[in-house]
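Listed after this line are the structures, all set down as structure tokens.
One chain, subunit A, links the two complexes that follow: it is found with subunit B in the first and with subunit C in the second.
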Partner chain A sequence: MNTSKVQRVWKRPPLISNKLLRWSLWGGAAIYLSIALGTMDINWQRAAEGSSRGADFLGSFFPPDFSSRWDSIVDGILESLWMTVTSTVIGIILSVPVGLGAARNLSYKPVYYFCRGILAVSRTFPEVILAIFFVKLFGFGPFAGFLALSVGTIGFYGKLLAEDIEDMDPVQAEAIKATGAGWLQWLNYSVQPQVMPRMIGLGIYRLDINFRESAVVGIVGGGGIGATLLTSFDRYEFDSAAAILLIIIAFVMVMEYVSSYIRRWVQ
Partner chain B sequence: MLRLDSLVKKYKTGDMALKSVNLEIPNGQVLALIGPSGAGKSTLIRCVNRLVEPTSGNVWLGDVELTRLGSSSLRKARRKMGMIFQEYALVERLSVMENVLSGRLGYTGFWRSFFRKFPQPDIDEAFHLLERVGLDHMANKRADELSGGQRQRVGICRALIQNPEILLIDEPTASLDPKTSRQIMRLICELCEERQLAAIINIHDVLLAQMFSKRIIGLQLGEVVYDGPPDGLTPEVLTRIYGEEDWEATVERVDEDNLDAPADILG
Partner chain C sequence: MVASQKDNSKVWQRRTTLQQYSVWLSWLIGLSIFTYCWQLISDKTIWMFVMDATTQASDLAERMIPPKWSYMANLWEPVWDTINIATLGTAIALVFAVPVAFCAARNTTPSVYFVRPIALFVIVSSRSINSLIWALMLVTIIGPGVLAGTVAIGLRSIGFCAKLLYEAIEEIDPSQVEAITATGASKGQQLIYGIVPQILPAFAGISVFRWDINIRESTVLGLVGAGGIGLQLDASISTLAWTQVSLILLVILGTVIVSEWVSARIRHSII
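What follows is the complex of A and B.
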């Protein structure tokens, strides 16, 4: 044994090696947070008064009234379902070429930037803002909601498709290319099998999202169950609103269960 | 016959992977290409079917000059070159049968291949090949359910169903255990003999190369430094190819009679 001991200390190197930068980031965050909390003006008296009124408000939700507005609830749900299914299908169909173009390992630089641009734009705006925009363009109703959800789907699905294609195993793709396959055959035999299970799962997940969003776009005039919900709020029919909310919750839970089941099955 | 005529590959990074390689491989010859990692073995065979574009030089397969072909004639030419890969490169989520039939993509129209309606003679040939390598009962298994040796046999079937004039084989045994490696090498050599195929086999294992091939090419930093029979691999030659090391154990010829009987191929 070597007895001439030299003590070598070891410490985990910090994530940010520049000491000044590290401490000023911590300091800056602490200062901002304390100022932000300090300026939050909470009026405790109003909050106390409001809580009793809130209880009354919530109380007026019970018992939920399914019967008096039943017909318009059914119409709203059907309209929402129509919007959900059509926008998911159309959105996915449109996002496939965009996603292929936006995959770095598949496309040429100009096409890549163009498709990435489309994805960036459609992902910048949340569905509500898209819906407001399309309501202004095409008027109230489910068509505006359908367009908003379709554009949202293109951004979501196209981006994830592109990323999944970029992550695929290049050797499998090389092997199919080496057989003399054409470009479409190459896509069908080497790219598609690699991305398909995840894309089916994401498609079903998007269906789920689009149903929930269909309730939101309705509130800004995009039709569907959201519009029904808004109407009942406007008329102070909180018991009907409660019924609608319960139905939405039930639908979302069923869809979530089905989608997780299908996703497990396709893996 | 395959002929490489002062073939050069310079990568964008400036690395000279191949420095003017000249090589002639007559029909029916199985050639082992040995050399250290980074010697350009993989680049060489990929320059033949242009998965990697050569920088200059010519490649002749029969009387077709490959380096100047446009994309559609390149696809036709690739049908005549079967490729076998190190990590098998099967499309993992496709069935064994689909993987074998993907070797016919260059001969099949898109819609036929899309609906998996391959011509009956192709299907007969696929079953015949699978039977030859002992996997016909696995036709409908997914490729990722197979063991390494089984996958490589499917890879061999995919290359052979192309009805190639030459096989390009990239480290066929690098992911296999020693026994399976020998079985696979023996299978490849038997099939080349049966069909009078030329083959370039990139291989790390000098002993395997000596055992199964009558001609060995030593590649070092993109240059051919040895071209001759397996027993010409003296310690000096191996030092020239790989660098200084004790080569005595490698030079001792392995007695092939001690190895597994050919019936094991089906095991």
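What follows is the complex of A and C.
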């Protein structure tokens, strides 16, 4: 009897099974990293100098000062909330026709490409860039921020709506059609009930995103809490800035909690 | 099924009367909140400026076309910087997100009552502050430039990556971990052989997804001085060089589309 045994050691299977691809990916990553770090032109001296002062800076954020600019903080938060609500509502209303047009199983080819184009363009540019242009066109204030957030909402919500409609169960849609329903009835009784639970959840999620973004459009003049934040940075009032940041975090936490609660309740 | 009597025949209804009323009531509440908010915004708006927006827009379009193609020579470097900010920022974020995610996941956290809340707080605070605001802070601390942008992107992405990753960890199949435990594996070996292989595809997907988002976000970081193509955009807008602005917007559009395509391809091949 042959007693020699074959030594076999088990190894975990790697994520990428092709050996060549795996090693070339690692190599490529290493080469890229060295080039990127080489060309990044980081002023380490400045960073080192700053880091000693950075502690002072961080120190000046504490303790957060809620009281001295409290009125403008309240103003800014309220403005952000108005912008959030209106832009989410208007954005969703506008995104419904676009989303319907961008669903492949619902619309004709030219309409489909047109609506997909709208979605692609409104999704590409960050809200901040949109806000810059709306501020130029419509003047400073929350209206420009509201428009920027609405356009962002159209891109986000329309795309997800279109994808959800494409994924729906065609059997139910056919059943409704077989009863002789008109197009609107068909939409209302077969498409809408299927996509509604998820879309309500996404709407609330977008409300959450819009509040976060409303803190940013203010930096370029679009109103809201971002304007207050920028002012306190420009005046070197870092303790007020810390207060504003804490308030933003608190609001976002509350909204996240509420939105997850509502989403669970809807589904 | 709900039905009402009408001329001795049953008519199908989608909702009971009470349900129908509550639906109408919630519409009414929603609509009044919206009108109230709209009123307040409208009060703060100078409508005269809004009215002449069409003339402004056509004026602006006239000044933006055609794009100044020769300016492209100055843009290659900022584009490269932008990509670096996004990529290295994502890398930094992943390094920190992995331990945070393992601390936040209910089934791997060392302590549900002590470590998990801290990890969740890290995730929420990183997620709720936009990268532009992180950059605004970091520019004052470590000075303007690419480094501030990279760190800002990193800080912002930790929360996002950690959140998705800890959800993936919580959804793993526990029977595989049990099987590894039954062989006598230590805690660390359970992690490496039982959990990591299950979340590796999700991890790769998350990192590519976030990289794609970061490309988009890093295009605007320059507005507050944190490097990348946003610097050129800001400079061109403040010097009213609109033909350069339109070229920069086209470049941003191109970069974002390419990165989206790349990330979609990679995620497609993983899943």
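Going forward, the second predicted complex is superposed on the first by the 223 of 267 C-alpha atoms of A that agree within 3 Å, B and C clash if a C-alpha of one lies under 4 Å from a C-alpha of the other, contacts with A are read in each partner's own complex, and residues count from 1 in each chain.
The definition used in the following text is that contacts are C-beta pairs under 8 Å (C-beta built on N, C-alpha and C of every residue); 3 or more make two chains touch, one makes a residue touch a chain.
Keep in mind that this is a model prediction, so the values were computed, not measured.
Asker: Between subunit B (first) and subunit C (second), which, if any, makes contact with A:Ala181: first, second, both or neither?
Answerer: In the superposition, A:Ala181 contacts subunit B only.
Asker: Between subunit B (first) and subunit C (second), which does A:Ala215 come into contact with in this model arrangement: first, second, both, or neither?
Answerer: Only subunit C; A:Ala215 stays clear of subunit B.
Asker: Now for A:Gly28: first (subunit B), second (subunit C), both, or neither, which partner does it touch?
Answerer: Neither partner.
Asker: Figure out whether A:Gly117 sits in contact with subunit B (first) or subunit C (second), or with both, or with neither.
Answerer: It touches nothing on subunit B or subunit C.
Asker: Scan A:Glu256 for contacts with subunit B and subunit C and give back first, second, both or neither.
Answerer: second
Asker: In the superposed model, does subunit B or subunit C contact more residues of subunit A?
Answerer: Tallying touched residues of subunit A, the top partner is C.
Asker: Along subunit C, where are the residues that touch subunit A in the complex?
Answerer: Going by the criterion above, the answer is residues 30, 33-34, 37-38, 40-42, 44-46, 49-50, 53, 56-57, 60, 80-81, 84, 87-88, 124-125, 127-130, 132-133, 136-137, 140-143, 145-147, 150, 193, 197, 200-201, 204, 216-217, 219-220, 223-224, 233, 237, 249, 252-253, 256-257.
Asker: What does subunit A use to touch subunit C in their complex?
Answerer: 12-13, 15, 32, 36-37, 39-43, 46-47, 50-51, 53-54, 57-58, 78-79, 81-83, 85-86, 89, 120-121, 124-126, 128-129, 132-133, 136-139, 141-143, 146, 212-213, 215-216, 219-220, 223, 226, 229-230, 233, 238, 241, 245, 248-249, 252-253, 256
Asker: Tell me, which parts of subunit A touch subunit B in their complex?
Answerer: Where subunit A meets subunit B, its residues are 169, 171-172, 174-182, 184-186, 188-190, 193-194, 196-197.
Asker: Provide the residue numbers of subunit B that touch subunit A in the complex, in ascending order.
Answerer: Touch residues, subunit B against subunit A: 49, 51, 75-79, 81, 83, 85, 87, 89-94, 98, 102-108, 110, 113-114, 155, 158, 162, 168.
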